[in-house]
């Protein structure tokens, strides 16, 4: 019963097979291969736009490289106070941007809200050399708390960003889960709503380690390729990263897998919510459930082999825990977990 | 006929199979998995020493992270003027070290020599705050010119480094090829000869993208793990990098593959050397051949589909080219290349 | 009527004279001169301790260099959300530390409080590689809001810092004003209360541009001198910076000047507080007054030549403004300002 | 007898007086003052061009900030192998540029020559992501070896730079000495010869610590001001730096002082050259003399109080030493030095 993270699960057989196929014979190195070109085509089609794609091998690399390309060293990056770039990347954005500043914005359900963003922006005087200058807004989709921005919410926030001369980045480590939750197209969720750059994640949804940095406007790409090389993220046998993305994007598998993960989270939430004394903390819109359980229940679940993270220290006899489902989480683990939680 | 680089070839079937096996079920993320632990054991056995191992996905990352761990921002890194870290990493070491300086040393056959090193060191006054301070010597094994340092040569250079308070790093992107050339143990080629940290490469010899940063002394590791994370090089599904290294290190395959590549280079060199007007430029000790051919021959080879790099502009009617062989280069390509070159 | 900042005023005649004297004849460069040695002695006596002193020319340089010496790139620096290092240095600490993270803590009257600090610290798991690691607490003395930490408050906060393995830095750009407010010694206000490093400011209180970075423990100094050089802050004719500090520290002038500035702020606050509709926003303990005035009053004051900063946008018909007094602010300007504000 | 460096001498009385005058009354901070504006005007007139000027307090800061503004992190800076930026700034350019690479070019008499530059440039493939990309040529005027580039030499080198898309920076720490040697205008020595940015030094020729970063083209200035602030080099009481530059540029004093220093160097060289066994190593065109003396002579001179630097270890019984003269070096010290050297 592993609910620690979606990255605790392995990889799709189709992706393994694609890697095996890609292993045959010679191919140009460093991304000049046919598979990388095909990934570019697939993503251009998917997003209905001529875009720039660069594969990398981790979400932190994708975020930090995209942000460093958009933001000068004297820039400010606005993001949710609990976002991955703010909390879980050990200062990678600060390193890659050479010292830009992340401005954490509080907001309900893990989402930046426009009022909070405007409030924060009021502290930065444009052109005042003592202040870092607003340069980018970064949104996490789905959020770290398992919620999802609607296209309308994104457009509203992008509008604020645009008014302040900022670019908009989306950390889409769980982009598939967000898309699976909404009835909209990838384009509607990104550039049509004002997003300039996307960290398109495949790892958490079943790749080995493959993310695509997507720029929707050629002018924004600038020196990205030099930054990637200089950061040791231009891999020689790029075809093996691209093979993952190519298999990932073949057909609708990636959405089906994300739907499955989301459905399991929903099922988990519904099952747990029915137990007295249990409280679902945030809207369950993607593949994560944040739930408050009695401390005793939490201990019992752990003693029976369930793996998950506490989300802060216990308070008033209860602990907030995070449960993440994935493309490969066994359905019976969800049911067993609910049963064990209920048998308190 | 692809002789562009050993990274132009794919991956061993055994490595693909290992990845497939690793894909099943959940596992701890970020290197806390059983495969990563096994790689650590295998390398400790191989190097006859309790050592620290951290897998990464590219040679540039391995080098830059190892060097940044050993060298302060005000440090100097001494290396061959044509080494990979000096020439082919777009300043990654400077970025990761936050502005240390690489000091390129000329030396015959791509090797740093002790006299050149001592001469360069004389320009840096110890404790003089205006000068960057000697902090590391980095040796490439096998070198960029296809030659190999003997354990004695390494020990002599390490001695100079030690006398100046410097650490010794080895860029072992082609460590297997160097080892295959010499009759010695991995330990003799590294820590017994004074090497402190090794970028142990597997990618060029048949992995998808897997290198191990090895520290032979626990005291040197310091904040390596934070640096790796901050640089986006701590991958979540580490087991897939470790699975490659684990399969790579099973049995003696990795040495056999390197021997094969070396033998093909030898065969290529011997065949070419027999052609009038052809000159082998450097000793052929690993899997690369540097050879001067008439310009017309170079053009003909390219027109017949041979892929390789020029190593500088033509001079006096001849062009110096680099030919790299790999674990998977077809033997008949070597023979065809020689034949084509001879039919001038 | 210039209340914009204490740095809007010039310099003491004694400091100018000292520079003139220092200009004669040759002297060793880069801090090996007699004046720099004397500053070291003076400060050691003043702080009753053998300490390390390095003069620099700006407060931002002093803070950023001190913090970069104490904090690794993967470190977190805790400070008040409105502190100078967080808000007014354009990300200098992030640049000098190579990407450490500043964690802003809210706190009444511009002071970090222990509860807020403990709350913030709870979010950082020790040794968890995804999180930046608590490395330093930075306190501003006097604060940006014109308040002053007592030795007891500093000791309490230092205790929390110590419990989490953090160093304590004090931004003392207005150290003189803080000391003038309190009945204690420089030692009691710093190392006896747990402070490890101090940016000792002289510029705002009457030097041209001279600050001393003080480390109270030799072990903390590490590579400070290389960092200063690498940042272009090791000036060749150091004697001219040291001459300022030497004159500044001669006798009790520096405290007398700070007392004068504080008294003028007190007088300004008292005069303004007596006007109906006027509200003093923070305790007036040093040389700054934060006061809410009707918008019309603010406009009238400006139209009559008063110079000062708004501290945020108007709200409910009133504007919060900041008034800073200095060693050289004419007394009659204070009285004129009060009179003008009252005649609304 | 101090010939250690021109920065071993103090400051002009006129500069001290100007600082005293600038100390009166309030003035806008951070460069918005009248003196800074006047310096801008003076330099625009001097260089016959509308230019951008930003004062800083050290030559290393001027160089590193100018270069970081012109060069991206993946850029290469070409300079003489013995230039100040390459050897004596502890890697400041690498730090400020976030990891660009300095490429040292050998060249006779301390000057980059066009052939050496072209040879070095041939190693960098344009657009090849593995190579840092040629971004700037930096020339030192006068050079570290006391020689001076002619306008023609500068124009030739700038032409090569321009052909490779590079900007041209001039380290003019001793610009006055170079100008004093040549019969040309400041404009002819800089932008008319293709120089884009100049570190205009005043410190070595008699200021306390004042250099002006000059950009001859507005488009090149980009984010300079944010970089200066972020590096702690935007001083609050800028008027005191500008007052130095203003007094420095009043009338022709700055040229007269440089001429005096140059003449003393010439006199020193002529006197020494007449002594048997003494060899002048480089052309004496500015205010430095590089001379080979018998080891015994060097010892005797030191024992009699002469202060100077050795320029490398002794060879064949002689030592190469550097003697620098300044605006304030007493004439009789020059004569005494010659006399002492001759009495061997």
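Order of writing sets the chain letters: A, B, C and D. Residues in each chain are counted from 1.
Simple rule for what comes next: a contact is a pair of C-beta atoms (placed from the backbone, for glycine too) under 8 Å apart; a residue touches a chain by one contact, two chains touch by 3 or more.
Computed from a predicted model, the values in this text were never measured in an experiment.
Trainee: Counting C-beta pairs in contact, which chain pair has more, C-D or B-D?
Mentor: Pair with the higher count of C-beta contacts: C-D.
Trainee: Relative to chain A, which chain's C-alpha centre is the most remote?
Mentor: D
Trainee: In whole angstrom, how far does the Cα centroid of chain A sit from the Cα centroid of chain D?
Mentor: The answer is 50 Å.
Trainee: Can you check how far apart chain B and chain D are, centre to centre, with Cα atoms defining each centre and the answer in Å?
Mentor: So the centroids are 41 Å from each other.
Trainee: Take the average of all CA coordinates in chain C, do the same for chain D, and state the distance between these two points in whole angstrom.
Mentor: Averaging C-alpha atoms per chain gives centres 34 Å apart.
Trainee: Please output the residue numbers of chain A that touch at least 2 other chains, ranges allowed.
Mentor: Residues 73-74, 89-92, 95-96, 98-99, 129-130, 226, 229-230, 234 of chain A each touch two or more of the other chains.
Trainee: Can you check the complex and tell me which residues of chain B touch chain A?
Mentor: 2, 4-5, 7-13, 16, 19-20, 22-29, 56-65, 89-92, 95-96, 203-204, 208-209, 226, 229-237, 239-241, 307, 328
Trainee: For chain C, which residues are in contact with chain A within the complex?
Mentor: Of all residues in chain C, those touching chain A are 73-74, 87-92, 94-95, 98-102, 122-123, 129-132, 312-313.
Trainee: Provide the residue numbers of chain C that touch chain B in the complex, in ascending order.
Mentor: Result: residues 30, 72-74, 98-99, 129-130, 133, 223, 225-230, 234 of chain C touch chain B.
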